[in-house]
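Here's the structure, in structure tokens; my notes come after.
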Amino acid sequence: MAQGVELMVFGMGTVVAFLALLVVATTVMSSLVGRYFPEPHKPSPSRPQPAPGAVQDDAELVAAISAALHQHRRKK
Amino acid sequence: MDNLLTLWNASGLAQIAPGQVFMILIGLGLLFLAIRKGFEPLLLVPIGFGGILANIPGAGLAYSAVDNALQAADPAQLAELARVLGVSVESGSKALLAAYDASGAATHLAIQQWAQDAGYSNGMLYNFYSVAIASGVAPLVIFMGVGAMTDFGPLLANPRTLFLGAAAQFGIFATVLGAVGLTSLGVMDFSIADAAAIGIIGGADGPTAIYVSSILAPDLLGAIAVAAYSYMALVPMIQPPIMRALTTEAERKIEMVQLRHVSRREKIVFPLVLLILVALLLPDAAPLLGMFCFGNLMKECGVVDRLSDTAQNALINITTIFLGLSVGSKLVADKFLDINTLGILGLGIVAFAIGTASGVLIAKLMNRFGSTPLNPLIGSAGVSAVPMAARVSNKVGLEANPHNFLLMHAMGPNVAGVIGSAVAAGVMISLVGG
Amino acid sequence: MDNLLTLWNASGLAQIAPGQVFMILIGLGLLFLAIRKGFEPLLLVPIGFGGILANIPGAGLAYSAVDNALQAADPAQLAELARVLGVSVESGSKALLAAYDASGAATHLAIQQWAQDAGYSNGMLYNFYSVAIASGVAPLVIFMGVGAMTDFGPLLANPRTLFLGAAAQFGIFATVLGAVGLTSLGVMDFSIADAAAIGIIGGADGPTAIYVSSILAPDLLGAIAVAAYSYMALVPMIQPPIMRALTTEAERKIEMVQLRHVSRREKIVFPLVLLILVALLLPDAAPLLGMFCFGNLMKECGVVDRLSDTAQNALINITTIFLGLSVGSKLVADKFLDINTLGILGLGIVAFAIGTASGVLIAKLMNRFGSTPLNPLIGSAGVSAVPMAARVSNKVGLEANPHNFLLMHAMGPNVAGVIGSAVAAGVMISLVGG
Amino acid sequence: MAQGVELMVFGMGTVVAFLALLVVATTVMSSLVGRYFPEPHKPSPSRPQPAPGAVQDDAELVAAISAALHQHRRKK
Amino acid sequence: MDNLLTLWNASGLAQIAPGQVFMILIGLGLLFLAIRKGFEPLLLVPIGFGGILANIPGAGLAYSAVDNALQAADPAQLAELARVLGVSVESGSKALLAAYDASGAATHLAIQQWAQDAGYSNGMLYNFYSVAIASGVAPLVIFMGVGAMTDFGPLLANPRTLFLGAAAQFGIFATVLGAVGLTSLGVMDFSIADAAAIGIIGGADGPTAIYVSSILAPDLLGAIAVAAYSYMALVPMIQPPIMRALTTEAERKIEMVQLRHVSRREKIVFPLVLLILVALLLPDAAPLLGMFCFGNLMKECGVVDRLSDTAQNALINITTIFLGLSVGSKLVADKFLDINTLGILGLGIVAFAIGTASGVLIAKLMNRFGSTPLNPLIGSAGVSAVPMAARVSNKVGLEANPHNFLLMHAMGPNVAGVIGSAVAAGVMISLVGG
Amino acid sequence: MAQGVELMVFGMGTVVAFLALLVVATTVMSSLVGRYFPEPHKPSPSRPQPAPGAVQDDAELVAAISAALHQHRRKK
């Protein structure tokens, strides 16, 4: 029984402490990102322009497109 | 004629036990709930089907080679086995099995070799269980996939809601206490590790519950997983009465300020912040939360979409199929049909109720002392059960105020609840499993 | 100079044996049939390629570490090995291998450790085989995917066609008798387990054949799988002459009444009914038919479409790749090039022919004594080979009566044949494998 | 040889007996379902309306749709 | 209070070592390069994340059960271990580990059993590494997928470009010499096997590098993989200066004749021709090139599109996730932070530079003595790094002549480079690994 | 050191020799295919007409189409 109470006290304590720390860390992170690394301009939600000079893997792109076309043709 | 006898003796009818019939009916019941009532079908269809397979008489699909050998061995073989284990053969096969379980890895290997030489082999579901669950990999892969499907935007817009995700975990620890209490009263018989695993049902998160019980209480895994997924499906029935009882009409009407826009960069950095905190404070939660953060980072970083897509689709689906069948293997009659299973089912629903209540109460407190209005109904979403619990908050809110859409506000505590129960899992493993 | 010698000795040219050249040509032949003639390419491309890889001289891709050690070991190492096995080193490496195979699991482990310490490792294809086939998992996963692609509608609309699926399995058992007979005549040398595994070729169902031979006759697995898939591809050539010879023009013209509509609920309940029957009567068929029913239930229940889609696509494709390469590993020259292989190929085609004939004859009988007209041409579809055999029934029917579309009617016996051969597999394992 | 004959007799017997039982079971099942659980009305072939009160997993639906849209966008 | 101490002792803060902090920063740096700079994100995101996970203090995710036991064991346990290993316990845990590594398979098993009985288990990343890399399977599956994405058309249209793929492998062997030289000068401490594995970085092919180091130098695998993928991402920065320095403006302006049409049949036969040559000459390259040819054949034969699609998508993606995390497990501080890592990073970039230069120089030579014009800029594509290096050739060519599109011409040497480095890998394994 | 030189000589030699052989084999193969097995007429890039008499797996085609339709319907 004592073990159960201990587990509850320490367990719940750790959960609350951890998430409280996460609140702090998240808040700090958000304000740092907002201040020093603001988004340049509205990016499209899930397909950001690659950073200038960034490498893009054309072969895979080509493979992906051809697979898509292929599948599309099959689906017809 | 001998062949006819062989066939008859090998048939299920000749070997069936009442417990197996009962468990097959339970399996059919789970399938009915999943298919007809829509109870978490992605898990309960494989679990229910696996449960039926596990109880096919004579097939031994859920048993190891050693189990199968013990059940079928002739006296000479059993005597040999008893000699290796150093017990008397008269003590019966239960005692032999207990001696086997208590023996070390070297003895295990020797007896596995003996069973193999005697022509016995592991059942199909036992193999699935070994690969998918005993190794720990399936819950982790599912957690990665869930991470790749999770949007932390609402949480980042309002980080205070993390407290609600913490509060709702009180159900976990209250249930641990309950399980220990029932044991000290002599009603049930749970070790402290069992109690910890049962409590996690209150986390309302299937893979976390399976992961923890695979480590702390493998024998109870079937009942715990079934309870966890069943109650997650029952959230729309369990939560609303509690939410209404603990809040006033005025509180349920509270409208919340619209969430701010969260930038992509914040979303990319958040899983790394969480990972670093885990690394510094609670390494025992690192496998679960690490894979979760990895999945989320793959989704948010935008440069590995093929991996993220696979983690959310092919990989999580494949893993779900085998995880479900493996959990089903733990529904085998002689392990599942036990008074403890009833205790687990009872304690599980208590855990859900307490978690819901704690979330709502802390939300009320935060509304009273915070500067911005907070509708206490979103507190119940802290139990996780993503996204059902958030939708329940929304629905109950709409009843009170038809223009009040709480869904996005409730997603914050909802995903916080996932983190919260993974943290609780880490604490349990650290304190109890060591 | 030493290096040049090392390179030369390591090269294939220095080590190649005529059998390997021959088997590489067989592999190329299988690829030609698969790619150019369209013979079951999904299996025969990986099998053919795996067959070539298995016969690369000096690479040892299809061998275990112990095999590789035995082939390369120096006299001192062999002497050590012979000592562990308790045989004389003079008896040669064949005898050493036989002693190894006959020894128990503990000796196996010891010798695997010896081979590992001596620097040898399992070949790539041997590992694939161990994981995919020796464990039994790949045929089962494929059966699940096939289940998820199968529509039992035509069977449910006309359950009598199940008898045709039973009748066509006569090919299996006639072939078993043939194999036993050839052995008793001294022409071939098959054990009863070998004979049972060979018979299953007549089931016209690849994964069933592989599953059964992996249990009853692993050494013959390569020849059995190649025969099964080749003859399945040859169904449009093998069946029509037999069908025409056994039916009259008038019978071939019989038009059948349109199939009734089958409700979704029947389709959901059917796999469960089948599963329960298997559980009660033939537990040894439970792994195969259990996974088959599970796949079908996932498809029909309509609430786990993501799992069903994955079972029909990513999962079955991944498994097919490794299953095919693993079967190819059994095309290694020193095991495949054997008079028994010719026997298997010959018996396999006999099995197909007898199965086709039995199906047609029983269909004639059912037409004569039944109340509704039944075109005997659909009897041949009972061998399975889904959906090829059903299409052959349709095609032969159209020749006799250009307005007679038998395809849907033939799908009933066709899927019944899958169930029938899985049941036959269970009987074999129960009677012979125990 | 005797073993082969036995295997044939018992094996073929079991196959026929099993499938005959399945014919019976299937026929009974179909008539029971048809009588007591008839289809309420014509359902769309593979996407039945969820039973009233049934739970539906929106998050996955949203994930599926967004993945589909995403893929669609990529395919363009 | 005891619990508080347990939690604190289990926390990362109480156990963290400076090396772990440093490696976590390295992991974050890799993630930054992958996400923000687009450096080979498909590999570097999982590797970087895995590197962070591996260095979580106290979690032991990258360690085996034996490692974890050695780090945590009490004196009595260590004494028992030392007894089994036959060394003195006073010699310290480093010496115990060395004795363990040097012992045979039987001792390994005994000590694994000891660790298991003492309650220790393998870390998550250690398990991933064992399954994905130590077994060799992940690089092979990725090679199959790459084969299924590769178009040999440009190579078949101009087979001479294979010489460029050979020439660029000079970087590999020059680097081996460099590594051996640094060791003989006492600057570094690499065995000949280590040197061979490091050289493969110059092959500019990630899975080949991982495959070779998993066989020849598992301890260096982390550094080699990170170097290989980082430099592959840096190709657009490393190559152009070298290409410009070694060619004249006139050479860079050379226009090449358009490539002939290559028939589908040639494309189908080519992987088989390559496979046969490998079989006859270099069996040690058979696993890598065999899987590569298999993937390519599946793509080109046109009859197994479902398998080819899966090999290019679900299968390669799943494998990439676990390969990346597994490589990350080798970034654990006490193995990665070593002077040798710096040597590997330095030698790797030298290998790239020499490979690029050799390709360009041989291309100049071929242009001078061949009959058709050949722009030397396509020589640099022979290092592989598909398709980045070919695109670099194209870009540098366009600078000199805006109407000169070299991309398709450079794809020939580019894919030849993949073959070339796989051949080099086979030679290394054959000469050094035997 | 000597070992390194040896490895370089033999290794590089093998690579060059192997790829030179591959040049020869490829050239021979291409000319043989071009002479004896020319392409009958321009095939569509990745979906060749099956050879006459070739067997095609309709069930999978049907499965693929229904899966595609299904998915399409889901995507809507």
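By written order: A, B, C, D, E and F. Residues from 1 in each chain.
Throughout what follows, contacts are C-beta pairs under 8 Å (C-beta built on N, C-alpha and C of every residue); 3 or more make two chains touch, one makes a residue touch a chain.
Chain identities (UniProt): B, C, E = Oxaloacetate decarboxylase beta chain.
In this text, all values refer to a predicted model and were calculated from it rather than measured experimentally.
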Measuring centre to centre with C-alpha atoms, which chain is farthest from chain C?
A
Relative to chain B, which chain's C-alpha centre is the most remote?
F
Per the C-alpha centroid definition, the whole-Å distance linking chain A and chain B comes out as 24
Between chain B and chain D, tell me the centre distance in angstrom, where each centre is the average of that chain's C-alpha atoms.
27
Any idea how many Å lie between the Cα centroids of chain A and chain F?
38
Whole-Å gap separating chain B and chain C, where each centre is the average of the chain's CA atoms:
38
Out of chain A, which residues touch more than one other chain, so two or more?
7, 10, 14, 46-47, 60, 64, 70-71, 74
Pull out every residue in chain B that's touching 2 or more other chains.
3, 7, 38, 42, 281-282, 302, 305-306, 309, 313-314, 427, 431
Inside the complex, what are the residues of chain E that reach chain F?
155-156, 159-160, 162-163, 165-166, 169-170, 172-174, 176-177, 179-181, 184, 192, 195-196, 262-266, 269-270, 273-274, 277, 281-282, 302, 305-306, 416, 419-420, 423-424, 427-428, 431-432
What residues of chain B sit close enough to touch chain E in their complex?
104-106, 109, 135-137, 140, 144, 268, 272, 275-276, 278-284, 286-287, 290, 293-294, 297-298, 301-304, 306-307, 309-311, 314-315, 427, 430-431, 434
For the complex, give me every residue of chain C touching chain E.
3, 6-7, 10-13, 15-16, 24, 28, 31, 34-35, 38, 41-42, 45-46, 49, 52-53, 55-59, 61, 110, 112-114, 116-117, 124, 127, 313-314, 317-318, 320-321, 325
Hey, which residues of chain A end up touching chain B in the complex?
1, 3-5, 7-8, 10-12, 14-16, 18-23, 25-27, 29-30, 33-34, 37-39, 43, 46-48, 60, 64
